[in-house]
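There are two complexes below, and they share chain A, which is joined by chain B in the first and by chain C in the second.
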Partner chain A sequence: MSDAARANALTTSYEVSALRMEIDKFIVPAVTLVIGLLLCFFMLFPLSSILQLSFFKDGQFGLANFTLANFQKYFTTSYTLNALWHSLYVSFATTIIVTIIIFFFAYAMTRTTIRGKPFFRNVIMMPLVAPSIVQALALIYLFGRNGLITAHLLQTGWNIYGATGIIVSEVLYCLPHAFVILYTTLSAVDIRLDEAAESLGASPFKVFTRITIPSAKYGIFSAAALTFNLTITDFGNPVVIGADYNVLATEIYSQVTNLYRFDLGATISIILLVPSLMAFMLNYYISRKTFAMISGAAQPVIPPSRPLKKIGYSLYCGLIAFCIILIFATVIIGSFVKIWPYDWSLTFGHYRFPSIGGYAAIWTSVWVSLIVGICGAFITLVAGYVMETRKPFFKQGLYLLAVMPAAIPGLVMGLGYILAFNKPYYIFYGTPWIIVINIVICNFTLGILSSISNLRNIDPSIEEASISLGGDTLRTFFKIIFPLSRVAFFQNFVYFFMRSMTTISAVVFLVSATVHLAAIEIIMLDNDGWTASANAMCTCIIVIVLFMLGILQVVAKKTGRGAEGSMAEV
Partner chain B sequence: MKKLGLVLVCVAVALGVTAGFGFAKERVVVYTSLENEEAVEYLATAKKELPDLDIQAIRLSTGELGARMLAEKENPQADCIYGWAVTNMAEFVTKGMLTPYKPQGWEKIPAQFKDPDGYWTAIDLYAAALVPNTEVLKAKNLPMPKGWKDLLNPAYKGMLIMPNPASSGTGFLQVASLLVLLDPDYKNKPVEENKAWDFLKELDKNMGQYIKSGSKPAKLTAAGEYAVGCSFAFVYSSLKKQGFPVALVMPEEGAGYELETNALLAGAKNEAAAKKFLDWAISQGAMKQYAKFKLGVTYPGIPGPEDLPPLESIKLAPMDFPWQSENRSKILEVWQSHFLK
Partner chain C sequence: METTSKRLVLENVSKHFGSLVAVKDAHLVVEPGEFVCFLGPSGCGKTTLLRIITGFEQATSGSIIYDGRIINDVIPQKRQFGIVFQSYALFPNMTVSQNIAFGLKMRKMPPKLIEERVSAMLQLVGLTEWATHYPSQLSGGQQQRVALGRAIAIEPKVLLLDEPLSALDAKIRLRLRTVIKKLQEELGITMIYVTHDQEEALALADRVVIMRDGEFRQIGTPWEIYKEPKSSFIAEFVGTSNFMTGTRQNGKVKFGQLALTVSNMEAVPSEKVHLAIRPEKIEWVDVTIPAADCVPSNIVEVTAEVINFLGAVVRITFILEGEEMIVDLPEKEFERTSIQRRETMRLYFPPDAFHVYGEMFRKLI
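This part shows the complex of A and B:
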């Protein structure tokens, strides 16, 4: 090769890489813009449709059509107004109970030396693998009007339907969510403070009230806010066990489906949005402080607990674990028993689902969830990468958009989707894709938060090295970031998969003749009085989700990271 | 790991494609309010007898089905409605959401069971019934009720269960039949002044629960949760077959009933296929299937199920479909203001 040719080749390659640099400059803003637009279109636009329908006559935007008539109707009709009081009552009650129960549970896991901690930690996470309806189904079998415990063991006329039922089932449903937060908080707070106070002569009670609780106060508030939000937005449990006791979520459904009052449904959605948004903001504000506190905390060895304390906490944790196991056992056993609680002979009869969806619904759920898992994990990873390491100028706005979905109740989002997208030109309406999009958006918040926290663990110098060696954004992402976050990616995949298998409220308005989902079939089966078959459908979902979690454990173990934490993270 | 991701993507896309595009068959999307257990059987037969149709169906409660249609008004997802209460159907005729269609064999259906313009055609009739649990009655020493009025007996306190008329078609026909039965002058006064509300208020004192679906009162009663379930006739026969201790009482005052109708949707995307399905739905073969469950079918000369009393022997309430259809939302509003807390 002549010198000229060589020089020429050099220039060409230089030009090529220069061109690539040029393109590279646009990639980050372009990706940011696309994700931002997606969130606007699939989250803000449906929400705006709801606002429009509730504040404007016939949903027609315009100054002349502005009206508060829907809100007036809501606040002057006693049973719709009652739904608000009911919702607030059960949510506050649940929040207080869950926060207290889980604080001591998390305390036992982090500050005592009781045996069987891994077992307890796994059991408390169990409610995540089932739809938020499993608690209500089990409670009716145990404490219903003809429940095993109420009617047959104790022979009382008392039953759990109504507010009590909702509160108990929501408590059992919210435990894992609150646990994750308080466990993290209590693990991070420096235990030496407690020791110092004790050695200075403070009584255990004083240490507990003056040191332990105040040092965990942000975690406590954060767990409480999350529990409140989960309870007030839940649809599955109240619809099954609430009987005549209506809450906001069930009232939205009833206004829309029974009375064809989409405008009132939208109005109640707005009313539901207010407390859940407030709880979310509180949580958001608090969790930032908690993170600031957690960083760099030391974790010394826990001193052995006194025997009495150990026995007490073992019993306490054992009791909670027993309740959760009882719920799952009841549903699973109930799906195999001929006629609960009369005829205990075993049968597979309930697994021949007497519904149009049947097994097809389970398979649809599985592949929809696989797609949701892949899309969700990938988008949140890309969004997290762009925001965390590339810091585009739109970062704050994108971050706010990305964490907002947690504040929006699934049912409200679902209603918004019908209102906004049911037009002939949105070709994805009526296809499985609208369900995929809806579930990804509804669960975006946790996905992106775990992506970001994972990306923070990757040494930025690796990425810098890649860039200084000439790797462009795409290359760096696919060759460095993606392989390094594969465990986190798979965790996120499982999280989205799990949410997709178990979510009810988000998709109850979106299932169609062509797309039946297993979680919605449970509601339909139960509605028609096929409770045992509803249990059977629940059991199928639980088995599938557990199978997926099993794969996660294997993957995590293979790549050498503790698998134990993975479940806690999801 | 990259490979795993790639495999996952491929699997998901393949699944999505196969499920999304389905087969080369002609698709028809059906919304139905028939009970799940019967609908499963009818649709299985339909799939067998109409092999070139890809029938996609969803079962929705009477209220849910109407809400779906309204929500999808601008972009109808369904092609036809199969087995939906005539009371609700009438409202949608006036909204212009249906296309008149007289299916093959339409002339065989008696005139009172079809719309003269062909907007809807009834396939069957189902009637309200009380379903008591005989063992619970015995254990609590309660009398066997003969009709609605007997249910006012304070001994039944908390032991009755009835569907919510807003969500359940069965619940609505029960309330509507009482409005007509207990107040002969119902046409000349506003709904809220109907005498039947006083009766329903008395009944409310004994009511354990108003529940979303029409079959669930009978099913929960069969399971021993209540003494008497206000439900409909055929759910009784299926429970009896399963061995539950239940009885059937057709209210002596007259049993409210409802026609279940089919219709073609305006703007149906698969109109030709939908017409084939609607033709099949009133064929003699299909009607014989319905007759296994329903009290009466509209095709003449097909007897009802053996375990239910023959239709001729039952005293039916004088239903006024046009009136109750026109006043549906008012009736529900009054009902809710009285009985929802």
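This part shows the complex of A and C:
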């Protein structure tokens, strides 16, 4: 008997379970429905609560109650109206500065042969590991009323509070976000275009203005739109360094927290939502074009830059890196010295936190972030799988729901949560769970986009192979897709963890007398005059996030795939 | 023993993607144990048709019938059709054994039996010593063997192979081709094999289905297709052919200065006549010895432009009436002729070697 015949003699009739296949038919629609409902309930519902409170008298829905009184009040009060002009001014200024700075920085990273590129790339990403308050804290230590540089080295009375402070801190905060976009764009544009132009006799200046900039224009617009959106929605930096210079974000907070005017807070939220939504849609529209331009062509070797160009760009990048390092160094050193800038003796005193939260807040932040990381990474992977691979009936609608959170400022979402869920029957309200839900929803977009791009790297035949062998949805996902997405899952986990540790605006309305979070504690400490302790809290967050990133590197290396993409995904 | 009812029947299957017609009225009966190849250029709809059979695509109209039952609505999991993909599609997170066992586990086969079946499969595809390796540690040829073993393990009613050898190098492709043919013959599995490689199709299939623009253009044994290509497209696509376009004149075909005698010219009524002739059908004629039973008008004198040694045959390119053509001479005969480049030679086009067509397939190159 031949081998083949013997193999066939094993014949026994085992078939796939009919019941399991019947159940399987409902899995994808069920998962789609659950995710859709989650997004509706935890995103659209809070948003609608804000709309309701701002457009209807006493927040009572009904045709007769429709009113624009809140908006009228807003636009006729010069103090609140100023917040809008302030926000626009600060955001436009930041956008222009960041776009210019980061374009040349990304250019240096992709088109020149300067040394130390990995160092520069890591430094430019540093602001991501800290709450968007670290810049303001450091600037105050350096340029504030008692600043090391202003008051002591230069002995001037000038200080950085107000618009200048907000712009400088926002610039430093937005750099990594804009960098990721422009770096990707410039890496993708074929450098040989430049060479071809040069070989045809174009001057370097002409090549730059006629070839380099136009080829990266979508990336430039996209980076600008993102920067605008980040700046106008940021809360941490302006609340610390803005002083009397109110912006929309700080105005929402003070209306709600200090004046208990929820209706006006909701109204300003709507006003904030308009420009940020426009910037988001612009970005969304542009980034689709950017991706269409990116080719899979291999990157040719960059020709050696001229010495002068090399020195110039090295100095330029060095200066930017120095500024970012200075920010972090100031905060970290500031947390260890007795009295900045008078008494430089070292102390751990500031780490004995004087507030109620203290270390409990850090632990809450850590475990909340761990849960956010696991839930966020898992839900976005499942949602990405269902949408990308299984193409459910409601795919387009679900996709729209999934990208919406990125358009909604965290502060607005937070306010919406109070308005929507502050009812006794929502038992999760006032517990850390509402914070977990809020952070997962707020960061849903990036999570799902990176899940989808990872799933696109898996050969679709693998999925089909599983199905043809009798694999149902659940077992295909857990036995094949999930193991293959391990690294991407962990990257997403770290992303959610990092966002959860550092976010301020999303959760500032959701902390309570019993639930404290480390990032919010920074504001509280600073507000109460414990600036050094605020720095110490900041340092703790940075250390924890860096620790998690370190683990990611180890895991990624162990799994045999480069961790290159880990930061770029963020 | 297989019964004839275990046929796979495609009944007027069509598939539209919007306004694009990917498959048009496909009609085919695949007998149990038969090896059928879908052969056609890329974009001809052969892969779409295969995906309709597997259940990954739904036919717009028509029925897929297996064992007398319409299976259009049966989900792929329940069809129990094995699939072998061009990209192997092995599960990278599982060892060779685990890959092969996957389909059996999905069927809740007892572990003991799975173990036996897996080791039988490993033996079948000759990978016993690689059982605990991961796909990334295997060569492309070995990976495709695993994929074969994995698909056969579930005792597929039909095994569908989607260009399984395209990703492999030429040598391994030949070896694996033999493996597939042997498996098919020994196990008697019904196989449908999609390829754009005519050589592969002719070597493997019991029957070849030529597809173009979503339609079946010719169905037949490799022999029939090669001998009697139904259209100039098939004459060009399967094997190689020389083409000439002439006009009918006094029962002959006028091609430039030549008046060729062509058998069965009546098959095409049109004034314009397209002729195809295989390079190996053209005969070399010794200048010194007058040809005995030749039709003299079909002897031409040409110059050898390029001579390529292809091993067993020698391919000579020449220009006839402005058309570039080739003739294949067996290596032995070539030695006798001792033709050199730029030398003249006499060639004979046997009247019955021509295929006559009313239409001309537009050559792209």
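Just so it is clear, the second predicted complex is superposed on the first by the 551 of 570 C-alpha atoms of A that agree within 3 Å, B and C clash if a C-alpha of one lies under 4 Å from a C-alpha of the other, contacts with A are read in each partner's own complex, and residues count from 1 in each chain.
As a working rule, a residue touches a chain if its C-beta (ideal position, glycine included) is under 8 Å from a C-beta of that chain, and two chains touch if they have at least 3 such contacts.
Bear in mind that the values here come from a model prediction, so they are computed numbers and not experimental data.
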Would you sort A:Arg192 into first (chain B), second (chain C), both or neither based on which partner it touches?
neither
Which holds for A:Ala465: it touches chain B only (first), chain C only (second), both, or neither?
second
Between chain B and chain C, whom does A:Arg288 touch in the aligned arrangement: first, second, both, or neither?
neither
Max touched-residue count on chain A (chain B vs chain C) belongs to chain B
Have a look at where A:Lys557 lands relative to chain B and chain C in the superposition and call it first, second, both or neither.
neither
Of the two partner chains, chain B (first) and chain C (second), which one does A:Ser355 touch, if any: first, second, both, or neither?
first
Identify the partner contact of A:Pro483: answer first if only chain B is touched, second if only chain C is, both if each is, neither if none is.
both
Interface residues of chain A shared by chain B and chain C, listed 483
In the complex, chain B touches chain A at residues 1-2, 4-5, 8-9, 11-12, 15-16, 19-20, 29-31, 35-37, 39-40, 43, 56-59, 61, 63-64, 66-67, 70-72, 74-75, 77-78, 164, 166-167, 208-213, 215-216, 218-220, 223-226, 243-244, 329, 332, 336-337, 340-341
In the complex, chain C residues that touch chain A:
54, 56, 75-83, 85-93, 102-104, 106-109, 113, 116-117, 120-121, 123-124, 147, 150-152, 154-155, 182-183, 186-187
How about chain A: which of its residues touch chain B in the complex?
77-79, 82, 144-146, 151, 161, 243-246, 254, 256-260, 262, 339, 342, 354-356, 358, 364, 367, 370-371, 373-374, 418-419, 422-424, 426, 429-432, 482-483, 486, 489-490, 493, 509, 511-514, 516, 524-525, 527-530, 555, 559
Report the residues of chain A in contact with chain C in the complex, numbered from low to high.
2-8, 10-12, 14-18, 21, 24-25, 459, 461-462, 464-472, 475, 479-480, 483-484
